[in-house]
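The following pair of complexes shares a single chain, chain A, combined with chain B in the former and chain C in the latter.
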Partner chain A sequence: MSQFTLYDYVLSGNCYKIRLMAGLLNVAYDTVPVDFYPGLEHRGEAMRALNPSGTLPVLVAGELILSETQSMLGWLAASFDRSGMWYPVSDAGLHAQVLQWLGFSARLTASVGAARLNAMLDWPTDIETVRGAARKDLDELEVLLTDRVFAGQTWLVGDGPTIADIACFPYVALSPDAGFEHDGYPAIRNWLYAVRSLPGFVTMPGIHPLHELREAESDG
Partner chain B sequence: MSRAYALNDWYAVADAQVLARGPRRTMLLDQEVTVSGTTDDLRVIDAEGSAYPAQFRYGHVWTSLGDAPRPLFDIPEADEPGRRLVPCGVVRVKCSPLRAVENFLDIAHFPFVHTGILGSEPHTEVAPYKAEIRDDVDEVWATKISFYQPQAAKSAEAGGDTQYLYRVAAPTTAVLYKTCPPKPEAMDVIAIFVQPRTETECDVWPWMALYDDVSAFAGLVQFQQEIFLQDRSILENQRPVKLPLDPKMEIPTRADLTSIAYRRWLKSKGAFYGALTEDA
Partner chain C sequence: MLTAPVGLIRDLDPKRVMRAQVNGQDLVVWRASNGDISAWDNRCPHRGMALSHGFVRGNDLACLYHGWHYGGTGVCRYIPAHPELDPPKTIKATVFSVAIADGVIWVNTQGAAEPAPVPMASQPLRSFHVVSHSESLARACRTVAFEGAFPEQLEQGLYQLGARQVFLLENPLDQGRLQITALADADATPEGCAALSRWCEAVRRSAQEEKVAA
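Take a look at the complex of A and B:
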């Protein structure tokens, strides 16, 4: 049974966060494709009535209308994850770290996400500033993930995957679309691989299924 | 770099929507150009203010930088009543414009790159088909192609064998005709109009002329964009970046019949912009 409606654009990394989380939690939903590009429909009157800030995705579940991916991920985990693993709110420290990473995920949208839209769709942006921020964010993530590896950990928070991983995954995985390859980021590569191996993982354009990754690596 | 042949071809440099939003400053064959005006009063000028010919066709603004442009190719289906004309925006790809066309002609990658849409395992085999250079029209054609597809089009309700026909109308323009799921006696038309910015970077304008009265416009566009963006990362990673035209330059593992005909045709014409060749 469909649990929510996602106003969706197939190339959007933010919409993909929700498709991915729903896939991992095995939650059924409906999509309404929005002509984000080239039509800029998300900025039109009808979409603004739903989400005045004019961004995608928008999630609608009954009376509930959400327009920030952080809140959507939290809602999905709180509603459909009986294990409590994806959003560990009962531990104050873990909970706070998840929120910290959700903040970081918004930075990735503004840096890597914007650089990607510019590289792919010639989307107007202050490209030098945005590219600088993207490089800085990826470097920062690499350092933090390296610390996690030294601590014997795979995931961003605690010892299992959380919505923090799902919030940060898309734009890091898609950074090659903007010319930021993963070659110099071994810890990031490991972590991306771990996310891609999760049962229920779904792909999007620019993120190939794991069998291709394996083939590419054994070729090279 | 050899622009000689390329200069006299026509290239899409804007669509109606882009034009309506104001002037588009862009690059064509290593040259800056600005497109402005309306669909029936077009202006294409370079950085020095010199004007170039322009025409509006197939939903796009076309221009040519040469002194003796060849005629713009014909896509007669564009004028057939009942078809929905769907411009899909523009996507920038850091690859040779010729590689973008060659990839569009390749069926063998469908099950691996467009998994679950244009192909699926184990249906990976491409049955024998025919590829030829048609001298009378000076085009490359590939015919008698049949391939199993899980979802051939937005309008497809189930998987099935799809018949294909490919046509390279100009070095940077490829058109395909494929079985139209809701109207099996007709064929859908999908084209890519490649705007070569440089020899290693292009803007690609996908365009469709479909029989589909049901799907919403946004759904049609996203179906095509999803497919095209699955190719983008692969295109950006092909090496060498330029398309090798001399047989010994690249091990022809990937190269299928259409690709071989396309490369031969480019070489015979001297269409070397975006190519790697000993002749250039």
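Take a look at the complex of A and C:
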């Protein structure tokens, strides 16, 4: 049974966060494709009536209308994850760390995400400032993930995947679209691989599946 | 320096693929299911696709484009579009010499890989890129304090940081970048390694800022 409606653009990393989280939680939903480019439909009156900020994605579940991806991830986990793993609100420290990374994910959207839009769609932006911020954000993530390696950990928070990983994953995985390769970031590479290995993982253009995980069925 | 360090074996698990560069040669470095590590020209002999986008199937590397499989010797072993065909042995990736020492993956694109000696009992720290050159990096290593004191350079690449030691291996890349493979002394705890990793990051930033200012 469909649990919500997602107003969606297939190339958007932020829309993908919601499709990915829904896939990982095995939640059924409907999509309404929105012509972000070249139609700019998300800024039209019909979409503004739903979301005055004129951004994508928009999530509608009954009376609930959400327009920020962090709130959608929190709502999905709180509604459909019985294990409590994805959004560990019962532990104040873990909860705060998740919120910290959700804030970081917004920085990634404004840096790597904006650089990518500029590279792919010639989207107007202050490209030098945005590229500098993107490099700084990726460098920072690499150092923090290297700390996790020494702590014997794989994920951003605690000892399992959380919405923090899902919030940060898309624009880091898509950074080569903007010319930021992962060659110099081994800790980021291994973390991206861990996310892509999760059961229920879904892809998008630019993020392909792990063919090697299907070795048994296709090589036999 | 014909044999160059391209990263830490800790960072490349079996069945994983990465891209590297030695002496201007673009490389795919990959690790088979059995743990063997190979370094090849990053170019599929079929259509020239970067093999670093490929994936490991058993002990073969498969190209992402048309799925051609290459074994550890570089010879094509399987073409999915022609499953009955035994591929000609002349279809072969260009293979380079690899050696593993001190947890570091070494590659020589012109002969047999001979790892440089590491002057201490070591453990892997981290591998990173820096937009800088050797002199700026060495200067940054001496002028970025660790736990309140300036490090002492003991020899090329080797620094004393209080009770700790760090050894930095350099591999020059294109676009004015260096790839650094950093090792810590074997006695450093995980917390100590994290602190040394942060120091490396401060060194990286300092060396890059000097480059920008110059």
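Going forward, the second predicted complex is superposed on the first by the 211 of 220 C-alpha atoms of A that agree within 3 Å, B and C clash if a C-alpha of one lies under 4 Å from a C-alpha of the other, contacts with A are read in each partner's own complex, and residues count from 1 in each chain.
Keep this in mind: a residue touches a chain if its C-beta (ideal position, glycine included) is under 8 Å from a C-beta of that chain, and two chains touch if they have at least 3 such contacts.
Just so you know, these numbers come straight off a predicted model, no measurement behind them.
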{"item": "Chain B versus chain C as contact partner of A:41, first or second or both or neither", "value": "first"}
{"item": "Partner chain in contact with A:210 - chain B first, chain C second, else both or neither", "value": "second"}
{"item": "Which superposed partner A:10 touches (first chain B, second chain C, both, neither)", "value": "first"}
{"item": "Which superposed partner A:176 touches (first chain B, second chain C, both, neither)", "value": "first"}
{"item": "First (chain B), second (chain C), both or neither touched by A:128", "value": "neither"}
{"item": "Touched partner set for A:63, first chain B, second chain C, both or neither", "value": "neither"}
{"item": "Chain B and chain C footprints on chain A, overlapping residues", "value": "208, 212"}
{"item": "Of all residues in chain C, those that touch chain A in their complex", "value": "7-8, 10-13, 15-16, 18-21, 55-58, 62, 64, 126-129, 177, 179, 190-191, 193-194, 197-198, 201, 204"}
{"item": "Of all residues in chain A, those that touch chain B in their complex", "value": "9-11, 33-35, 37-39, 41, 119-122, 176-177, 179, 205-206, 208-209, 212"}
{"item": "Of all residues in chain B, those that touch chain A in their complex", "value": "15, 17-18, 87-92, 94, 112-113, 115, 203, 216-219, 221-222, 225-230, 232-233, 236"}
{"item": "Interfacial residue positions of chain A with respect to chain C in the complex", "value": "139, 142-143, 146-147, 149-152, 181, 183-187, 189-190, 193, 208, 210-212, 215, 219"}
